[in-house]
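So, here's a batch of structures to check.
Next, two complexes with subunit A in common: one pairs it with subunit B, the other with subunit C.
And now, the complex of A and B:
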């Protein structure tokens, strides 16, 4: 099979918030940019972000970036890199004002300034009173952000390749990245896109869990591409879960339901939160509630035929309260759980929401790996930003409204860094023909595979295994068994068979390729989680229930090739201020 | 066959809620749609995610009355 080549200055894989913010930076500087996206850009998962963008504008209450930095470091359970966190919090106001200038329809105060609202985890004066830091556009901030960036990019002549999927990185023997191979879904053609810089901005990989709030497109494609090229994945054991996603669907049931008096029941009809949190009960923090739910299920008190979920009861509330105070909840329950919450409780489970780990980068968005002389050597030509990257500003847990800030700050920063790097690197390097063989071999294998399992079947087992063995609350025996299981499943993902072998718009092939990316994400998660013998942020171990800074104040690096782990220090030194040293995290 | 593949892919959205509803709709109704209905469904698919979701959950009304029956199908699927 011959392979068509095309040449650009920069190729960006992914057209969500970070990919489009970077593309804009580059296109406006006159750089020739190609942006690949599996779906139309404004249908990227950024669209689902409702909360807002954190920035210490101080429009409603006094605020400053240093307080925001403190909250973020504390929220990260001290695993976040403090130089990157300082950088992000200091740039927040600027990226928000810039977005305003681009035409983003922010909510306004009467005086015309950007309206800000309070959000969990935001404080004034280093852990004092609630701060008011979130800038939003009604309940559709992500949507407004994507549309604003897309319009600007069209105007700046960014070239979009919609319904294209990135396959593999093209690199030379030194490991320098020289482009990507990609599949045009419409024609089934594989194309080598040669570039002086490749930016991975493919978002999260939440589809590795059976219960996930992530859209179907979130299959961790960039992580798979990086892992197959020998790039380690950082801190993959850290996933944020939400306690109440609809069982079997993943759609979120807002915390407001418990706020209005809804409560959780096990199969015996017991209001079990009373045992775990006698005072706060169902209103305890997300991780406490999620862990209690998992314990109930693990100890055989789950509901349903498979004893695998919990019930959220609100049918004791007045129908008017449900209709008036919890708009949309009834509809979600009817549509996705097939129950009317006015009459029956809603089946729920802890549901994966956000991936804190990813491709290791520095605060300029350059991918950094341990290599020869140091733990963080720059990979020439490769960059990552957004949820697929681990800068790391979220550490072991992310604060609400910091994800949209992350994609804006680091989308912009990586754009500027690429512009600078292109100056020092004015020519495309030729790449060996053999460097595209890997992708072609993967596709040829799919075409010739006989007696393989279906993609749906293997995907199902993978998601169930991740949920059962590596969910929100983790147990030593389950993790150990999980590593063996997921290794076998990853093997099976390499031998799936698709019935449709045609070229044109073959979505079965796309899904088979996505599954191999999910397998990389799942393996990295399970192996990293099994090894981390402590509880920190979103990683909660039954057998090691407390944070252990002496042994574990370090980032995990997982290498796909030998399924080996390495570690690197947390960057505790900020850019200009004093370091925040680890303290017990209480709210 | 390929039309079905194409439409299935275009039902891949940024919001999980729509992924599920649209997939359900395609499984249940797509092969029985006539040409006019196919075009109407396409009109819905071209809407931004939030607008489409607001219409499906009846938070937002649809201006074109001719699209009402198709929207109803989407609402009850």
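And now, the complex of A and C:
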């Protein structure tokens, strides 16, 4: 079978915040870029971000990037790479102002400057008073940001391939990446896209959990593509459980609710966070709050008939504040929890939200892997940014509002790096003839599979297993069993059968391909979590309840082939300032 | 619960047909999208777009018992049976509930949906008062689901010439932005018997918008700006 080939300077897989920020950088520089997206760009999951973007503008309280850096390092439970964190925090103001110049409809203060609100884990003066650092457009910051970036890309004439799914990386024998194979969903056609640079910007894989704030499209496609090409995945044991997903529905309720003055209550009406984090209380880091909530529920102080959730109270706030600053939250609570937060508290539970791990990159967005010369050798032609990447700026726990910042800073940085690398790499390298075999074989298998299980069935077991075996608190026996179970499920995911054989917009085929990516993500998570015998950030082990910097101040690298683990050191040395050395983390 | 759903796969069907599904819903299947996903477990060929499942991405617009809406924020409880589901009207059908939105986005792109300001940007933010910013409320929140434009008879007749309520709402979003400098150019772009003036204030758009926005009001404001600049 022959397949169509197309040639671009750069192919970007994914049109969320990081993909579109990078695309803008490239299009405005006159680079021929193709942006592939499974959905129309403004439907990417960045659209669902609510609370804001961190930047030390100091519009409300005094602030500076160094304080922001300290908070991020501490929030990461010292697993974040301090050079990348300094880089991100220093650029925050610039990328936010730039976004404002692009037309982003930020809320405003009386003096006309960008509105900022408090958020969890943000402090002044290295752990002092609460900072006010989150730049917001009501509680629809992600929507405003994603539409603004799309609009700016329309202006720049970026070429989008909407409803195209990336399948596999194309690389030569040395591992240099030469392009991708992709499926045009509407026609069912597989196309080979040749490029001098490939940027993976496919977002997270939060759909591995049963209770997830993530969109259906968040299936870790970029991670699957990388893993199948021998690229390791970094720190996959670290998943953020957001404290406030709507009980029963999983839909996100922004931390902005607590930033604006809301707080959590147990069944006794107690503001229990005072016991767990006496200073920051409800605005402690997300891992801390989610563990406190889970403990309250486990010890019988949950709310409702089954004592299985917590209440988020904001009805003491002025109705005008709710309507002006949290209108989207009110809409979600009314629709998904059947309560109007102006009058009643919202039932919430910790819900899988964000993947701190991902494809290992340096702070220029170049993918780096252990090879001959050391643990971080650049893979020629391959880049990653956003949630699918692990720079690592979030370490073991991400701070709220640092993800939108991450996608802007590193989307822009990787765009600039690609422009520079293209100068040194002026010609497309020839494609090996076998370059598309892997993708075609996967599709052929799916078309000819008989007596296989359904995608829905295997996916359901996968999500339930992850939820039960790898949640907020983790137990040695459950993790061990989890590895065995997920290994078997991953095998089953390779033998699913779809009844729909149509070429036209075959969503069953897309979901089957997504399931194999989810399986890669789930396996990487479970194997990495089982091995890490300590508690750090979002990884909380029952049997190793404290952080162990002597043994575990290091990044995990998981290789899909042989399901092997390797480790590399944390980059503790920032670019220009003194290192923040690990100390006890309290809020 | 009984559903009657529009089916068409150009790969095998000569023409579209309605297919009935009787399905037992689980207690967790609260929204129409949950029900459709339940149906898809039994029939994986049923095709629809969906993503965020919370009403912000705009993927799952469809015609639900004769009215356009987003499946993910439409509770199944209140729906009359059989629940009749069709693709959004007025756009070519690709398959089942999936329509070809090319024309819709072409109109969106035609209004230059980006801020135009030719002054060199300042070192910090451009200032905007809370009152100026409030002009964008009820306008910028559009999710581009196309429920409004595909409920509009003027858009059905002239999808290539009439900009349609969704894109006109966005045209107003930039006209209303105190930072934008292209007012005259934007109004020139709409000064045409079709592009703006095919809106006859039927208000289907207002009635159908799943986000509670009001395109007709924005269109009337644009018309007001047109009048104002001629007198």
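The rule is simple: the second predicted complex is superposed on the first by the 481 of 587 C-alpha atoms of A that agree within 3 Å, B and C clash if a C-alpha of one lies under 4 Å from a C-alpha of the other, contacts with A are read in each partner's own complex, and residues count from 1 in each chain.
One rule holds in what follows: contacts are C-beta pairs under 8 Å (C-beta built on N, C-alpha and C of every residue); 3 or more make two chains touch, one makes a residue touch a chain.
All values derive from a computational prediction rather than experimental measurement.
For the composite obtained by superposing both complexes on subunit A, the positions of subunit B and subunit C are in clash. By the touch criterion defined above, A:455 reaches subunit C but does not reach subunit B. In the superposed three-chain model, the partner touching more residues of subunit A is C, compared with the other of subunit B and subunit C. Touch criterion met: A:111 reaches subunit C, while subunit B stays clear of it. Residue contacts after overlaying the shared chain place A:550 against neither subunit B nor subunit C.
Once chain A of one complex is fitted onto chain A of the other, the partner contacts of A:47 extend to both subunit B and subunit C. In the superposed pair of complexes, A:143 makes contact with subunit B and with subunit C alike. For subunit C, the stretch among 110-118, 164-172 or 200-208 that collides with subunit B in the superposed model is 200-208. Comparing which residues of subunit A touch subunit B with which touch subunit C, the overlap comprises 39, 42-45, 47-48, 140, 143, 147, 215-217, 249, 251, 328, 331-332, 335-336, 502, 504-507. For subunit A in complex with subunit B, the touching residues are 38-39, 42-48, 140, 142-143, 146-147, 163, 185, 212-217, 249-251, 328, 331-332, 335-336, 502, 504-507, 510. By the touch rule above, subunit A contacts subunit C in their complex via residues 39-40, 42-45, 47-48, 57, 93, 96-98, 100-103, 105-114, 137, 140, 143-144, 147, 151-152, 154-155, 186, 215-217, 248-249, 251-252, 328, 331-332, 335-336, 454-456, 498-500, 502-508, 511. Subunit C makes touch with subunit A in their complex at residues 9-12, 28, 30, 40-41, 43-45, 47-59, 73, 75, 94-96, 98, 101, 105, 109, 112-115, 117, 121, 123-130, 132-133, 136, 140-141, 143-144, 174, 177, 179-180. Partner subunit A is touched in their complex by these residues of subunit B: 2, 5-6, 8-10, 12-17, 19-21, 48-50, 57, 59.
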